[in-house]
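We call the chains A, B, C and D, going by the order they appear; numbering starts again at 1 in every chain.
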């Protein structure tokens, strides 16, 4: 047993860190340090910088046009981005639709979409949730009726992360309302958001930001070659996508970044520093848990149900760190600022994002499988209860 | 609105306190201060002392031979006992069987039993739970078959608190195994524990003490006049008994006593003192919650479902205080001592009970309606969920 | 002991609750916030008309001479409706400081405009200001931060090294930077440079202490109102939101969470009552202890209820369009204003808590 | 990075687990505790035969020269079986101190009996002892408390103002009061009055530090084993205990609690692995930080798992006859031994934690 990374892995970490230091735009970096959201242009520029280095798609195999990282390299790479902090490659492109196209796409779809997805020439949005279909995703109602070489799509999608930046949306639609099980009548469809009949409406979230959207689909004519994985086979594609989404989700590096901010604000406030230390102790141990699961994944392609453990504890600690940051900042953090406010002094911590980020981070235990859903998965899959 | 007690109530509080100070046997008091369990003789002596003063049965009406306390007087009385601390009147006698006999007993039963119960000439034990019937009390299997003017009882009862001190047991037995609902075939029976066929076996608990027992009933012939409330009517009696058991269960005075011990052990350890203050803040507010419910009870005979709130928060704080006491005591508290060990120096805190009491107090969220059961009651009864 | 409302109190409760229901449905709140002063002049006017702004002040300074319970009733309704009007800042905080800390004739003169609603007052308690005597007047220099309601206040009560001072917002040498607060309402940072006030503008430090105690009691009421409302909408959501073919409130894990929320809401309600009744407590040490306990419990329970109200709502819970996200933010803000949870616990510990180390029987 | 056991480690695991399964079913444990020294001489003898007592010591002092992982394997099995044999006290604590803190020939001589099982050693780390040089020897005066395994130890390593000293239990001037501990095992308080030891009996302070680090790593392994076993029996109970006509494990609220327990058990397992691998860490500061984190996490997770294992068992969970009440007590004791949770957090905070305030890119 050995927790240490190999010399090559350590060198890779240094490579990544140097690359970020040398290539990340200072304004983007400053925003990330402050907890602000970079603009679309900044995110795209960074992803293209990474893509030029071959790192924009850390989870993609060489065959799919990715770097072919080992699970450890991928972990190190993301951890460095989280700690830097630098924007992650756009997850809708890189973690969600890219692997789906690789696994289920036609040769034509791969040719047309993979490279553009990596370079974010196409920004993708996710169209899964609906007002009546949250945890119960298969209850979705958006319908797609086949007419010749098109699907006519009608429905209402919600919680599209960054959908207003997006060019295309990957979505789940009901193609067979009469299927014996609701999961069996669902297809996975790619929709160009510039098509007639698509309306995007912003949803402002409790951080005051516009990060998510609703999408209304009104007789949208989608070419049939935008179907992925075959008609009524969308549920298999979805399960594949969601299991990818769940790997490596402890986001320990992000929590470390929050703890660094806590320490800068805390000065010599012992009570806050002790709370930080208590979090750090758990976080350090969670890193080992993360490595154990990575180690097990090296020999297997099966999703590891212990990923739910990472999600649960990872979110718990990240939320706790954001709460502690709010405490360290004190009531001054209640002043409403926006991400567009001018930067403060170099050596001053920007308080403007602390309360919004605390508020919006509550969603981390809701999206991507809520904590309640994760506990049920653990109870049933690992403990055999239920 | 006014939280203050009346001058009469304050005077009553002083009366009770003086009475305890003047009449509680010093050895018994010292044991209670230490968290030791007094002997049967000490408990009986104290209850008789209270009885001579008319206070042994604080919840009993004057008609039943009790003091006819108002709800506020009862609260004050118990709070003073808890804080002193002095033994509570034996709950099996006073809170459980006494009121049942008053409400459901025949005139003959009242004459025969009430005064003896108050004076603890009869020590009662509870025979409700069975190995297969815990939360699901109505699943009990102990059977009573009518034969002439006797019931022949067979079965196995568990968790008899202080059953080895007891003379008699009030118990639930199945008299009609064919009833359409299992609750409808149950009777409430009083059993003399000296009868042939009764075997009591101690259960040692995680505090190392013998406080509970199993009782095996093997063809025990119980006279039919020991039936309370009518054949197959035992469930109504049980509901009455359990709702009495649930009033005034925050036991705030006991928690205050634990906090006093914490403060004596903590010295000037700020971290422990802050934890104590955090507990005290919640406890102080819980007192108001307790008074609000008492105030509402004055005008009503209905059980208040908010009693579950008192139980939940009361137990939470009491368990937290016992945990903090363990922390304040430190690892020296791991030394195994017994309640029979000689007393230490007058001014030394006795560490010997701290770990056992922490361990056994975990049962406080199990018995008398577990925390899970209480939450379900709150959700269904107060919030209308389910 | 009597924890029922009197008939008059019940009437007061009905009228403020009616005002909130009629004037402050959630879909109108945004419009109110867009008003010139960040709240609704019309609603504020109605509150004045109902006499709410006169409630806590004694009759000899022109008030109604009512007590903590009446203020609590107002606070609970304001919390439930997430009102933006400057009741806490102008009436409870600044108003109490002036009413308790100046001579009756000065208080009456100052409070007239405040009770009438045309003057907005604010208490600058987070101040580092030096007061230098200068003949008949006093010169104030320094700064104050996070003055609640200070963004549109016409007059300030500014604490200094020992006392506090009534300072008009347009006093030469006073400048302010106003801003909005998460959770609603606004505040200001002040700079004072050679501000001259007369000796008569003096407010006693003990009145400022009482004002902050009253402010915390009010926040407790507001929090209790907001928490119960947050629980109500959550329970309603659990009953109506269907997933996997059944209401999500049939999930036992969610039922238990809602039950845990109710326990904390009951505690918050008790904290508010305690705060209301502490107003009649004469012992300053007892008031200080009680106030610290109240604020600590409100902070803790508010945090818990806010977080789980959002969690049980799922995604919609973090949307600006859903009221629960506003309860979340207001409760978070309440937890941090006038001294956060840990700060209060620390204070309470320093004061020795409620329970001494002395055995009960030995103590009395 | 490699978190798999080697083949040899797997064999070791199999053999210790077999020993525990065969010799330490719960119904035999009480009999073992009744042995003259509070544990089973026979089982202890088998542990010696398996070479377990030689595991952690280097070959040049007669050990097997194996590492932290092997000790962790032993610890997990001991935790699962609630073994009473003095592995922690004699081998891990006192053994490590002697092996690391004395000259090889002295260590080899001392360890021979310890590894052979005939000599029981104990580390008196909670000591206030003054060592006064006295020519070739040293005079020790003072007291030590809660010496783990000290009730039946034949030899002690007693810490003094700077170093530590090997002291035979029968040394003139040494007296002890032995007692049992909640959660299993025993300890002793020592009094030393003019105890004379030779200079060669000196053990370095840094070796004592390493011994305590090894002890905490071992406690982590023991706790991880006990927690996983407690979770296993709890899950088994949830599956088989029927109330209201169905297994109680069908209750979602209980399922979720069990899931929360699993999360903490996985964390405990990770803490144990971290402890095992820290043995190879050369930087004392890194070891100190890591050890503090491990103990803090073990304390917190152990408390949580122990409490809910009992809670989910209901009444039977507090019965002496049920193994879960023993896991509860052992986990409680582990949390308090060798420095409690808050103490470790305080230490970790003083050492600056793992993450500095410096931004990541600026730091490297």
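Here is the rule we use: contacts are C-beta pairs under 8 Å (C-beta built on N, C-alpha and C of every residue); 3 or more make two chains touch, one makes a residue touch a chain.
Please read all numbers here as calculations on a predicted model, not as lab measurements.
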Task: Third chains touching both chain C and chain B - done: D
Open item on the list: Starting from the defined contact criterion, work out which chains touch chain A and chain D both, please.
Closed with: C
- [ ] Please compute the C-alpha centroid of chain A, do the same for chain B, then give the distance between them in whole Å.
- [x] 53
- [ ] Could you tell me the distance, in whole angstrom, between the mean C-alpha positions of chain A and chain C?
- [x] 39
Task: Shared interface positions of chain B, touching two or more other chains - done: 372, 375
Open item on the list: If a residue has to touch 2 or more other chains to count, which residues of chain C qualify?
Closed with: 251-256, 346
Task: Touch-based graph of the chains, sorted into line, ring, star, complete or other - done: other
Open item on the list: Under the definition above, what is the set of chain A residues touching chain C in their complex?
Closed with: 129, 132, 134-136, 139, 158-159, 203-208, 271, 323, 326-327, 330-336, 355-356, 358-360, 362-363, 365-367, 370-372, 375
Task: In the complex, chain D residues that touch chain A - done: 1-6, 9, 69, 235, 238-239, 249-250, 252, 254-256, 258-260, 262-263, 266-267, 269-271, 273-274, 276-277, 290, 292-294, 296-297, 300, 344-346, 348-349, 353-361, 364
- [ ] Name, in rising order, each residue of chain C that touches chain D in their complex.
- [x] 251-253, 255-256
Open item on the list: If we count contacts the way the header does, which residues on chain C are in touch with chain A in the complex?
Closed with: 145-146, 179-183, 187, 242-245, 251, 253-254, 303, 307, 310-311, 314-315, 317-321, 325, 328-329, 332-333, 336-337, 340, 342, 346
Open item on the list: Could you list, by residue number, the parts of chain B that touch chain C in their complex?
Closed with: 1-6, 9, 14, 17, 20-21, 29, 33, 72, 83-85, 256-257, 259-260, 263-264, 270, 273-274, 276-278, 280-286, 288-289, 291-292, 294-296, 306, 308-309, 312-313, 372, 374-376, 378-380, 382-386
